[in-house]
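Have a look at these structures, which come just after this line.
Okay, so chain A shows up in both of these, paired with chain B first and chain C after.
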Partner chain A sequence: MSARPVFVHGVGAVTALGLSWRESIAPLAAGASAIVPVTEFDVAHFPCTVAAPIRDFKHQGDRRIALACAASEEAWTAAAIAFDDSQQKKIGIFMGAESGRAPFATVHALTRAAGGKAAFDHAKFGKQARVLAEHCDASQTSPAAVTSLLAKRYGATGPAVTISLACSSGASAVAEAARSIRLGICDVALCGGVGADVDPLMLAGFGRIGALSGRGISCPFDARRDGFVVGEGAAMIVLSADRGTAVVELAGEGRSLDAYNLTAPDPDGDGATRAMRAALVAAKIDAVDYVQAHGTSTPLNDAVEAMALRRVFGTHLYKSHVSSVKGALGHWIAGAGALGLLCAHEALMTGTLFPTANLTNPDRDCDLPHVLGGAIKKTVNTALVNAFAFGGANCSLVLRRCA
Partner chain B sequence: MRPAPQVAIKGWAWRTPFGASIEHVTRQLLAGERAVRSNTRFDAASYLCSVASSIVEEPTLTRQHRFLRRMGLFALEVAREALHYSGIPASDRVGLFFGYGGLRAHWDDMMPAFEHQQSDGDGAWKRGLNLLHPYWMLQHLSNNAHALAAEELRVRGEGATFGGANAGAQALAAAIRALEAGAIDTAVVVGYDSFIEPETLVDLAARGMLTLQTEANVAAPYAQTAQGFVPGEAAAALVLQRIGSGDGRELAYVQAADGADGEAAAPSLNTIMNLLANLAQGATLIDGAGWAQPAQDNAERSALAKFTGEEAMLCCTMSAMGQLGAAAPLVQAIALAEQLRLQMLAPIAGLQQAADGPLRPLTSATPINTRSALAISMGTPGLAGAIRIDMS
Partner chain C sequence: MCPSNQYQKVYVQGAAAISAFGMDWRGLGAAITANKITLSPARQLADSHGSVFGSEVAAIPAAIDVDARACKLMSYPARLNAVALRQVLYDTGWESARDEIAFYLGVGASGGSVAELTEMLRASIVDQTFTLDRFGTAGLAACNPLFAFQLMNNFTLCHGAIVHGIGGPNSAFYSRGNGTVAALSEAMHVVASGECGRALAGGADSALHPVTWAQLCRDGYVDQGFIPGEGAGLLALSRESTHALAELSRCEFHSAITLRAGAARLLSDIFQDFKPNVDDRVLFSAWGEPSREMLLHACNESGVSTVIDIAACLGDALAAAPALAWVAALDLVVTGNASRALVLNAGIDGGLGCVVLRRVV
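Moving on to the complex of A and B:
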C-alpha cells in the first residue's frame, strides 16, 4: 500500500494577540509583540518578569484543556469535514501537551496539608490532604487529559496520542498524526499543541536554570538575545487524507534525536540537520520558500539552528525567508511547533510572511534571510517548520501548496 | 478493517515489585504470589490506602541521578538492558519511545520552597522559589529520562515521550507505526510509572479506586468482594524490529493500540471494544485490566467475551503486581510472552472465588496450548491500551 497524502483542512488558535487564529493574524503581520510584564502573580525578583499571557480568556478548570478546546473548535469549524453515512471516517487525536499544574494556591494548600515545614509530614498529609482531593480532580492534570476530552468531543475512535516532548511536543504530535493518516490508521486527525506555562513554578524553574531572558525581551536571532520568554496558547490543525477543498498539503515530516545533552543542542546542529533533511526527503524537495524557525531567542539554540539551516539549504536559503513567531508570542513549550505550523500555513494560504518581532539587530552568527519589521508578501509554495526540544528531540515539517 | 501491524520483540528488561529477573518474576506469577505489602516507600499509616506493590531494589546511582529520580533511573536501566539483550547496536536508525504517567511533584524540593509561602504567592521568589535547585526544571522535564537514554545509548533515530496512564500503549503503537513506515529499523520502547506517590494515593483513594484493606485482606480483581486495586510501580522495556529483519531470535510478536474517550474514570466499554476489534481475532486468553471494582470488572469481562467467547481464560498480571499505569502494557507483554513460551498461565493472584460472569478467571496455574494472548490496561481519564502477543 502506498502512503496516503495528508492535507491541511483547518487551523485554529488562541494566542495572546487574539482569541482566535483569525484575530491573531493581523497583529502578527504588523510585527506586534504580546510580551508584557507579568501581573498575574507577584514576580518581584524572578529572573524573568515578563511573559506573553492571554489575559482576556475566560475559562473554568484546567487552562490547557480550555485553550485546546477553543482552538480545536476554530480548526474543526474551518475544516468542515464532511461525514456521510456511507463512509465513516476514523478520527485520531494527537496532542502535544505536558502535565497540567495545580494552581499555586492548591500547591500551597498541599504543602500545608503536609505540615508546612521544610520536610514532608506523611502522617499529616495522609489525613489532611483528603479534603483537598475531594475538591479537585487530579486526573484533569494528566498530560493525556486534553487528548481524552477532545476524543470525546469529536467522537474519535482512532489513536488518542499525547506527546510530552518539551518544546517539540506539538510538532511531533502533528508528525505522528500525519504518519497515522499516511498508514491508513485514521482518516482524519485533530492535532496540535497547547502550552499554559505562565505560572510561578514554571517561571521560577526555567529562571533558575538560566533559560529565560533577564532583559525581558524575546528577540530571536538578535544580537541582544539572552533567553526565551514564556508564552501560552493552543494551536490546532485538522488533517485529512482527502484533499477536498484543501489548499495546503503536509508533505513531509522528519524527526531525530541529538543524543548529545539534556540542556544544550549538539553544537554541530547534527540532529536538527537530520530532522530537516528527513522532512525534505519525504516531501521530495530540496529547498523551500519560507522557514518558520524554532528561534527561541536563546544564544546557543538560535546560532545552532541558523548554522543547520545554512548547512541544509546552502545558497538556496537566501532565496527564501526565515522568521520566528516567538518574538511576538513567546515560547509556548509544548504548543510551540503547532503554532509554527499555523504561521507557515498562513504564508502558503495568503503569501503573508510574519516578521520576527523584536529582531532589529541580527546576530552575525544568525545570518539568515530574516523577515524584519512587518510582514512580507510573496508567493509561497513550500515552507519548513522547525521545533527543537530540550534534550535534543527535533522535529521538522514541510508544507506545500497543492498543485 | 485495516489489521494492526505486528512487529518482533528482540529484547526486553523490567523492574517489577517482584524483582528484575524475568525467570524469577514469572515463577512468582505462576505460583500465584502477590507483591502487595505495607507501603515501604514512606510511612503511609495515616493514608486511607496503606498497602502497595513497590519495587524493592533501588536503582543504581549514576551521574544521571542529578536529573532523574528513582523511576526515571529505572527507565534508563531497562532501556540499557533491553538494548544490550537484543545485541542491536545503537545508530541513527534506532528510535526511542518512552511512555510515562505524568509529572509527579518532588516534595522534598517543594517543601522548602513553600515553607514560607503565602497562598496568594505574594513575594514568592524571596519566600522560597529562589531555593529551587538550578536543575529543578530538568528534574521535572517530561522527557528527561528519554533524552538521557538517547544520550547514553547513542540512539539518534526518531522518538518521543508519551504521557498519560496509557502512555505505554501509546509508545508501543507509535514505535510500531515508525517501524511500519520505515522511519527506523529498531525501536526501544520503555514504559515507567508509579502510583506510590503521596498525592496520587490520596487522590485515587478519594475517588474510591484503591483498596482500603490491609495486606492480608486485599481482595483480588474479579472477586465479588473486590473493593479497589493495589497501587503499584514498574519500569519495562522492549526492543522491536520488523518481522524477519536483523539478526537474532525473535522472542515474540506484538501488536498494540491505544484510545481515549474523555470518561472521568475508566474508559467506556465501547472504547475497549474498539481497541480489540483489530487485535482479538482468534484469541482465547486474556490478561485483564483488573481494577478490582466488581461492576467495572464485570463490564470488562462482558466486553472481552464479545471477542473471545465466554470460555476464554482470564488472568491478570496486575493482580500480582498492583496497577502499573503507563508501564502496564510492557510488563504484560513480557509476562505473557514468557507464559506462552512455558505453555502455562498464571492464576489471578489471590483469587479464590470469582464473581459470576463471562470468561474463566483462573484460580490456579493452568496449562495452555495456545500461542497468542491479549492484554488490556486502563487509566484515568478514560484512557485505554491493548496489546496482543503471539509466539509464532
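Moving on to the complex of A and C:
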C-alpha cells in the first residue's frame, strides 16, 4: 500500500530548564545542566543523591498528567491545526508512560496499613489497603490516565494508546502514532512521553541495580560516566498527514528487542543496530546529519550505542554530529525518546545542535563526532533519534526536512 | 480500521493460553462452552482479602516453567507470559530466526511481588518507625535487586523475549482490555504489510494481586460483578496460509470516548458487517454487568441468540482477558465448532475491541 507521509506540526515540553520547550532551548544550547542535589526527600543513604527535578512547576493532582497537559498545550498551540467536526473524529492520542509502581506516599501508607511494626501483617494489609485505596485513585495513577485525559481534552475519538516500554516508551508512542497516520487510522496524532520519577522508590530501585551515578553527574560518552541521573518532564508532538506549513517529516521508525539481558545491552549492539537500520530503511536513506543519541551516561549503554552507530553509518558518521540531552536534563525514562525527538526537531528547524552537557573528556570507547561545550549551527536535513530501554526494547526514529 | 483490501491476509499459525483451564490452549473453547471451568477461592488473595472467588492459574509444571533464577526475578505476569511464549513457539515450531519475530503485548500494572515489598519494608522499620534513611540502606539490601523491574510494565514483554530470544519490532501496550487489542492490531499490520514475516501478539496479567484487587474494589468494579482472573494468551501470526489454524480477518479497537458517543450504533455496525450465520459463534469478554448487558443487548438486536461469555468462566484477567478470548475462539474454529468467531471485549478501560477469526478454506 502507499502509506501516507507524516509531518511534525508542533512540539512542546516542560523541562527542568524551562517550563516550555521555547524556554528550554536557550539553556540547552548553552550547555546548561539542570542536575542538582535532591532536596525533595531524604536521600542521605541512597546510591545516588542528585536528579533533574522541575522545581518551579506548580500543579495539582498527578504530576505526570500535569506535565503532559502543559507540554501538550504548547505543542497543540504551535501546531495550530484547524478542525471541522468531521476531522475531529480522526485525532489519536499516543502516550509513552510508565507506572505499575505505587507512588512513594502510597507505599509509606501501606507500611502503616500493614502494622508498621517488625512484622508485615498481610491480613491487616489487605483490610487497610482497601481503606488506603479510597484515597488513592487508580484512574489517576494508571499509565493510561494521561492518555485518557488528553483524549478527552482534545476531543480525540481515534485511537487512545498508552505505551509502557520503559525508556523507549515515548519514542515507541511516536512510532505508533506515525503508523496510525500512515495507515489512515487517524489523521492527526498528539503523541509523546512523560516521566516523573524523581521519587524515592525509583531512585531506590534504579540505585539498587547500580544504574545511577554515584558521582552524581550525568556525562554521556565521557570517560568519567558511572551511571544515569533521573530527570523528569514531558515532551509532546503533534503529527499530521497533511503537510500544511510543516518543515519536518517523520520519515521512518524502527524497533527491535535485544533479547539479551534484563539490565545490560547486547554487547554487540545487535538490537540497537537493527532498530536504527530499520528506521533508515523505512526513510529510504543511509546517512543522517545529526544523531540525538540515547546516551544515558551508563558505562555499557554509551559504549554499545557508539559502537552500533559506527557500525550502522561507517565513515559517514564522522560527517554528522552526535549528542545526548541527558547530560542536561537527566533521564526521563518513559519521556526520554520524545524529548530526544524535540532536540532533533530543533536541529532540523533552526540548525541548532545541542551539546552533550558535562561531556568534557570523551571516552575512547565512545569515539563519535560529539557536540561539546555549546551548541553548533549547521544545516541539518536528516536526523536520527535513539531510545533504548531496560529490558532491551529499542526504538529509532528518522526525521527529515521536507523537500 | 485495517485497510485490508490493500494488505495480504493474515493467518494464525499457533497459539498459547495459560489460564485456570491449564497450560494448553486446545480444548479451551470447548471447556468454556461446556461450562467446565469453575471459579474457586483465590490463593493469592487469601492472606490479604480472605475468600475471593476468581479464576486462578494452577501451579505451573516445572517442565514448561522458567528456571528458578528467572522465576525469582520476574513479576508473576512476566512469568505467565514467558510460559505462554514457550508454548506458542512450540506450537508453531518457530525455532529459527527468532530475532526477526515481532512481538506486541498488552501488559498491566500488577507486577510487584508483595513478598518483595514485605521484605523491603520490614527492613526499613526501626523502633516501629519507617525511615527513609533505613529504606535507602537495609531496605534496598533486603529486596530483590531487580525489584524495580518487576514494577515496570514493559518487563512483562521483555523478560519473556530475553528468555526465548524474540528480537523483532515490538511494543508493550498498557492495557485494561483495549490495549491488548491494539497490540494485536499492530501485529496484524506488520504482518499484513510484509514488514515482518511472523508476529506474536496477546496479553499477560493478573487481577489477583492484592493491591490491584484493592483498587478494583475501590473503583466499584467488584460491586458491579467483576470476577478476578489471570493468565496469558498469545496468537502467532504470519501470511502463510499453509498449516494455518485460522484467518485473522478483522481486528479493531475503539476508545472509551468513541464508545460513550454511540455504543449501540458501533455495535450495530459491527454486527451488520459480520452478518452472523448459524455456523458462527460470538464470544465476549466483558468485565462486569454493565458491559455484559451492553454486549448482550447488541447480540440480541442482531439476532444472535447464543453467546459465549468468557468472563463467566475465566474471570477478567485485565490485559490478558481479550487474548484468552481470542484463543478460546480459535479453539472453536479449529475444532469445527465455528466457521467464524466474533470476539468482542469490553474491559474496565471502557473501550471496545472486535476481532474476527475464520476457518481457513
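Assume the second predicted complex is superposed on the first by the 377 of 403 C-alpha atoms of A that agree within 3 Å, B and C clash if a C-alpha of one lies under 4 Å from a C-alpha of the other, contacts with A are read in each partner's own complex, and residues count from 1 in each chain.
Operating definition for what follows: a contact is a pair of C-beta atoms (placed from the backbone, for glycine too) under 8 Å apart; a residue touches a chain by one contact, two chains touch by 3 or more.
On a predicted model such as this, the values are computed, not experimentally measured, just so you know.
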{"item": "Overlay on chain A: chain C relative to chain B, clash or fit", "value": "clash"}
{"item": "Contacts of A:58 with chain B and chain C, given as first, second, both or neither", "value": "neither"}
{"item": "Which of chain B and chain C A:258 touches, first, second, both or neither", "value": "both"}
{"item": "A:149 touches, of chain B and chain C: first, second, both or neither?", "value": "first"}
{"item": "Chain B versus chain C as contact partner of A:389, first or second or both or neither", "value": "both"}
{"item": "Partner chain in contact with A:157 - chain B first, chain C second, else both or neither", "value": "both"}
{"item": "First (chain B), second (chain C), both or neither touched by A:166", "value": "both"}
{"item": "Intersection of the chain A residues that touch chain B with those that touch chain C", "value": "41-46, 97-99, 107-108, 110-111, 114, 116-120, 122-123, 125-127, 129-130, 132-134, 138-139, 142-144, 148, 151-152, 156-166, 172, 176, 179, 183-185, 200-201, 204-206, 208-209, 254-263, 271, 274, 278, 389-393"}
{"item": "Of all residues in chain B, those that touch chain A in their complex", "value": "2, 5, 42-48, 67, 90, 92, 95-96, 100-103, 105, 107-108, 110-112, 114-115, 117-126, 129-130, 132-138, 140-144, 146-148, 150-151, 153-167, 170, 173-174, 177-178, 180-181, 183, 198-203, 205-207, 257-265, 271, 274, 379-383"}
{"item": "Chain C partner contacts - residues on chain A that touch it in the complex", "value": "1, 41-47, 97-102, 107-108, 110-112, 114, 116-120, 122-123, 125-127, 129-130, 132-134, 136, 138-139, 142-144, 148, 151-152, 155-166, 169, 172, 175-176, 179, 183-185, 200-202, 204-209, 254-263, 270-271, 274, 278, 389-393"}
{"item": "Chain B contact footprint on chain A (complex, rising order)", "value": "3, 41-46, 93, 97-99, 104-105, 107-111, 114-120, 122-127, 129-130, 132-134, 137-145, 147-153, 156-166, 172, 176, 179-180, 182-185, 200-201, 204-206, 208-211, 254-263, 271, 274, 278, 389-393"}
{"item": "Residues on chain C engaged by chain A in the complex (per definition of touch)", "value": "1-3, 6-7, 45, 47-50, 73, 98-99, 103, 107-112, 114, 117-118, 121-122, 124-125, 128-130, 132-133, 135-137, 139-140, 143, 145-149, 151-155, 157-159, 161-162, 164-174, 176, 179, 182, 186, 189, 193, 210-211, 214-215, 217-219, 253, 255-258, 261, 349, 351"}
